[in-house]
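Notes follow once the structure below has been shown.
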């Protein structure tokens, strides 16, 4: 397991390779990368600042990964979340999940993203032509996390 | 859209980078890599040969991607499937889906894999200590494809 | 009329051939009739009956036993796919 | 007893501070009581009432208004999270 909150960029290919290197029992690697878009809620986004609750973020991400491990067969997982100032097109978040089977890899990867979105203490502030604004939490994200309770 | 059936290996990081390069409207890239495991159905697997129906495979993969584009917001997608002789730990298949939103990226990526598993004309033959054997289709794969009919 | 027939995977091995061009008698107008015509050869051709969940494609599109077969068609028989 | 209080994101900006150490009167024993104690300061502290769906964490675990607060605890107030 690898959890990192960092200002530096990450390398999807390198992180996936690190997870499967030397192993022959992994059949499926599902991954997700979230990026900064140049438009959100009808306004242009010139840049974004990601604030976080240092200490709690790492702990919270580790707990989410642990919960995924309890629900699905997860052989290894990596979660990296960037903080600080980001530009449109920049990477924000990476989740990689390795499993023997694809169903487990997909489910655990999406579960981690859905819970990260609603539980991990990160906040986005966007710079738009009308000035800075804190991004509002989305109901659709709450619903996405709710679906895993079924 | 990029569809490729090839004997050469692929590079997940390079394929994802190619999809998002120069774009600032992509918010989510979901990807999947399937790998050869050294054990399957209780037997050791020394190597594997992937046979395919040249011509139909590319067409079939393109149709599956088109169907995903009709169901979800897919900005770009890449599907690469290897054929020929592979060893445990080798990459078999890559699916990358880019979208504005993560729900669409995850769903389209998993949909493409589930349909590829049940519709694209590839066949695996494993070399085990007891000799060569053609891999049997799994009912769980049929069920995985069925779930998208809901 | 004649068709181009392809065999894949375990079925190809059981039949010992990858493809054939075949002139068809007039009563063969569907996949099901072509299938019966091939099975009637006997011997190894029983594999077309014993292959579990046999699949067929006509001109590289998944097809069914009732699918019509026309002159020049490419017809492929194979077991359920196992890629990915 | 005293606690370490942290504020994040829009709430941090509204209050103009990131954290404070605060000695608490004896009647404050829960997050809800701490919240009321801070709101009672008036002025900018109304942001603790007006922040939609205000969240709280005690010792870096998500908590509720009824969660007890003890000496030395780290209590954080913040709006709903928006990472990822």
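Observations, loosely collected:
Labels A, B, C and D are assigned to the chains in the order they are written; within every chain, residues are numbered from 1.
Keep this in mind: a contact is a pair of C-beta atoms (placed from the backbone, for glycine too) under 8 Å apart; a residue touches a chain by one contact, two chains touch by 3 or more.
Quick caveat, the model's predicted, so the values are computed rather than measured.
Common neighbours of chain B and chain D under the contact rule above are A.
When the partners of chain A are compared with those of chain D, no chain appears in both lists. Most remote from chain A, judged by the distance between CA-atom centroids, is C.
The distance from the centre of chain A to the centre of chain B, with each centre set as the mean of the Cα atoms, comes to 23 Å.
Annotation: 26 Å between the Cα-based centres of chain B and chain C. Chain centres here are Cα averages; for chain C and chain D they lie 72 Å apart.
For the pair chain A and chain C, the distance between C-alpha centroids works out to 48 Å.
Across the assembly, chain B contributes 34, 102, 113 as residues in contact with two or more other chains. Within chain C, contacts with two or more other chains are made by residues 84. Of all possible chain pairings, those that touch are A-B, A-D, B-C.
On chain A, the positions that touch chain D within their shared complex are 34, 50-53, 55-56, 59-60, 81, 92-93, 113, 116-125, 134-137.
For chain A in complex with chain B, the residues that touch the partner chain are 11-14, 16, 20, 22-39, 88-89, 100, 102-103, 105-106, 109-110, 113, 140, 144. Residues 6, 8-10, 12, 53, 57, 60, 62, 76, 78-84 of chain C are the ones touching chain B in the complex.
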